[in-house]
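A quick write-up on the structure given underneath.
Order of writing sets the chain letters: A, B and C. Residues in each chain are counted from 1.
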């Protein structure tokens, strides 16, 4: 008899243990009763942790009862962390998410909450920017855009002054500036061609006006042209033509090396994104630099120089979050001009919200240029919705161009072949 | 001295000494349990993913071998897989020829030393301790054509012609990967061969030397055969390591196997398909890559092991 | 220089060092000996250079490195060490790392020793198949398991739990450890088992008292080669641990990698600190290897 009681108790205990082990973890998710909610915000911007803490302090002051816990993870692993976080029980409430193509897997898996109609201020944001936060298949908006990045040519003001150079406004001036720098034994352009992702950026900085920026984008999406278009091939040819203004064997130069070339004054110019401004400021505070848009090359389709741009990062809501009301409050605040200004002041990024002023002279100059002439960073914006990624294909092809294994026409053809695996125009 | 004490026989050859099935199972059980729960189950589940279509992390329908067909018919896999596979084979050949022979050489040299032996062992194995987070940066810097000491030294000693953009030239980049892998891993054959060499009783060598055998004869008839099991172990693990190589190629060439795919290996292809792709079916395709890789490695590793065991039995 | 060349250059030098029991003839410096010494020193120098670079750069500032990537740390700047210690929460994370690494290495070595002994001392196809099964654990990309593992642990509420890491790393160590240990067990002469059996020892006693001490070099090797990758791994804790207090050192160190810029000096300082325990473990383990060898097998 006793044995039976013991056995039964033992079995009951084991079952109880097993059940409690299988129960979803009672993590820090609040029941959303209305008072004192903690929102978990995730990001890949480890550089900005302190800045975001200051920013969210301001939000917390305006919204007593909501605490924001900001956490940043290593950028290269962020996609996996996000996917498992959204799928698991202890995930973020408001994660930062990638833009355009890389956002789609999370949307299609139903992990993000649609926000149309629930967040004010979305209509003020430029359509090309909002496109980065939308589902390709259903067209719904899932996130509030955070930042815009612009691509342009940075230059070292001190070197230009020493060499008696001024910012070029025509293509001939551009070539002559580079020739003079070469003659003075200064590397005209620092390009880290070893890291393939820099190359489509460079291609658009020097070539976007040649193939016609937004017009070309419209034609591609409609299907009336493809990458074999002679204007696009010509834009790639420009890259080869400019090779003599880079370090010899440029494919051996890494991205970090190229940054050092610029910050140490060995190179006079750096074709890059506005995201470099923060890096240059931190690592070389004494560097006097500015930026300009590459002038129109001969036979350019566009009639003004452009800065290609793209939306870089959005804030979304986890569809499994138990604090959605508070999350929407936060998202609404993230779409205000107040937050936009904080993005400019604290994060040194271009905000996606219009009406923001930039105190940093370099940023203001780049933004003014962008507003005067803009184009989409084509491959990132429109051609990362499938496998292979347009940026990946072109990056490798430009490396092969530098190595002499292919030419502009071949590179364009390979690019077209790659994206045609999944891209259907006319959607 | 009788030969029986000096020439260990391989494996249990007499019944009564070998463990019974039941005893054997008791010994194996803890490892087996741990392995099944935390490795076998997750890994084989993941392999099964390759037979389904996926939208993000939601599993779709059963698609038989569609994902595998994709690998051989669609870009980029159609081109990337043979390219990456070729590099994996190069890594294996390079490791066998350089890493393991240098390892054996170092182990032999150390075996004889009295002075500084621990010091050298430590220096040789230290590279293994460097975190994968910075190996790429450190070697990129060392080999940088602009700022690196390697090229600067070459120029300083008059070998300026040899100063290449090591990581920017497709023909040298993959060998840099071989070299850095050897640099990091040579401690393993050194330690293992060292342990094996240490297990060779010195009396045999002495006796043979007294009998007039030359050093080469001694090496060939005594040392080398005693090393065969260690060589087998090292070879199998080198093969598996070369086929699965990830941290070092990733560190040196990024997820795309820069420059221009010259350092691309199958694990990099797996990584970027699974984690950097814009496709919703990333899990399906990447699992298919992993399954194919697994089947290949399993087949060859089993063959190598069978071959080495036969060689061992022949020698003894 | 090949062994053959060495011998040719110096016929009088014996190849095998004299065993401790015999009287040692005085060693004269020889050409062959010099050559082997220089080779060893040269190799050691190549081996260590990147590490020296890491330590040297940890004593500079990142800004300094942005203007001059290679330079001497003069005067040495220790501020990065302080920053690394605090930003990477070294005190907490160090303890976590020790707990997870020591725990998992002990676990995998212990179960692998038992299993390897069984593989070496049984003959049936069944155990061969098991051995193949274990080895197959090495043949898959490590990252492949992350999704199923995550779901399994998440449903049990075991994410953010250091014990999960111990079990996972322990299991991950089994393929390598059993493979290496089994090959060493196989080389032990069967006569030893016979002798132990005659003394009345059962299988476990034979294992414990006879076999284990003889494979000490292999055990030390296996420990080193499992300790290091577990200590340095950032991927599993990054994905499976949510609780910031439970992170391990490498995760804290990934904090220094930004999206577009990296704080190199602090990163190197953090890594230098994180590598010191590895050196200590390695030194202790190699001592075991040496003493294990001199214990000898010719008994």
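Following the convention adopted for this analysis, contacts are C-beta pairs under 8 Å (C-beta built on N, C-alpha and C of every residue); 3 or more make two chains touch, one makes a residue touch a chain.
These numbers were taken from a predicted model, which means no experiment stands behind them.
Visitor: Taking each chain's centre as the mean of its CA atoms, which one is farthest from the centre of chain B?
Guide: The chain farthest from chain B, judged by C-alpha centres, is A.
Visitor: Across the interfaces A-B and B-C, which one involves more C-beta pairs in contact?
Guide: B-C
Visitor: Measuring from the mean C-alpha position of chain A to the mean C-alpha position of chain C, what distance in angstrom results?
Guide: Here the centre of chain C sits 39 Å away from the centre of chain A.
Visitor: Can you give the whole-Å distance between the Cα centres of chain A and chain B?
Guide: Going by mean C-alpha positions, chain A sits 37 Å from chain B.
Visitor: Which integer distance in Å separates the CA centroid of chain B from that of chain C?
Guide: Taking the mean C-alpha position of each chain, the two centres sit 15 Å apart.
Visitor: Provide the list of chain C residues touching at least two other chains, using ranges where the numbers run on.
Guide: 69, 147, 234, 254, 257, in rising order.
Visitor: Where in chain A do residues touch two or more other chains at once?
Guide: Residues 80, 87, 256-257, 260.
Visitor: Residues touching two or more other chains, restricted to chain B: which are they?
Guide: Where chain B meets two or more other chains at a single residue, that happens at 57, 137, 144, 147, 275.
Visitor: Quick one: in the complex, what on chain B touches chain C?
Guide: Interface residues on chain B, with respect to chain C: 4-6, 8-14, 16-19, 21, 23-25, 27-28, 30-32, 34-35, 37-43, 45-47, 49, 57, 102, 105-106, 108-114, 116-135, 137-139, 141-142, 144, 147-149, 183, 188, 191-192, 194-196, 198-199, 201-203, 205-206, 209, 214-216, 218-219, 229-230, 232-233, 236-237, 240, 243-244, 246, 267, 270-271, 274-275, 283, 286-287, 290, 293-294, 297-298, 301-302, 305.
Visitor: Could you please specify the touching residues of chain A with respect to chain C in the complex?
Guide: 21-25, 27, 44-47, 49, 71-77, 80-81, 84-85, 87-90, 256-257, 259-260, 263-265, 275-276, 278-279, 282-285
Visitor: Which residues of chain B touch chain A once you look at their complex with the stated criterion?
Guide: It comes out as residues 55-58, 74-76, 137, 140, 144-147, 164-170, 254, 256, 258-261, 272-273, 275-280, 282, 285.
Visitor: Using the touch definition from the top, list the residues of chain C that touch chain B in their complex.
Guide: 2-4, 6-7, 14-19, 27, 36, 39-40, 43-44, 46-51, 53-54, 69-70, 107, 110-112, 114-115, 117-124, 126-127, 130, 132-145, 147-149, 152, 167-168, 170-172, 174-176, 178-180, 183-184, 186-191, 193-194, 197, 203, 207, 217-218, 221, 224-225, 228, 232, 234, 250, 253-254, 257, 264, 267-268, 271, 274-275, 278-279, 282-283, 286-287, 289-290, 292-293, 296-298
Visitor: Of all residues in chain C, which touch chain A in the complex?
Guide: Within the complex, chain C touches chain A at residues 62-63, 65-69, 146-147, 150-151, 154-160, 234-235, 238-239, 242, 244, 254-262.
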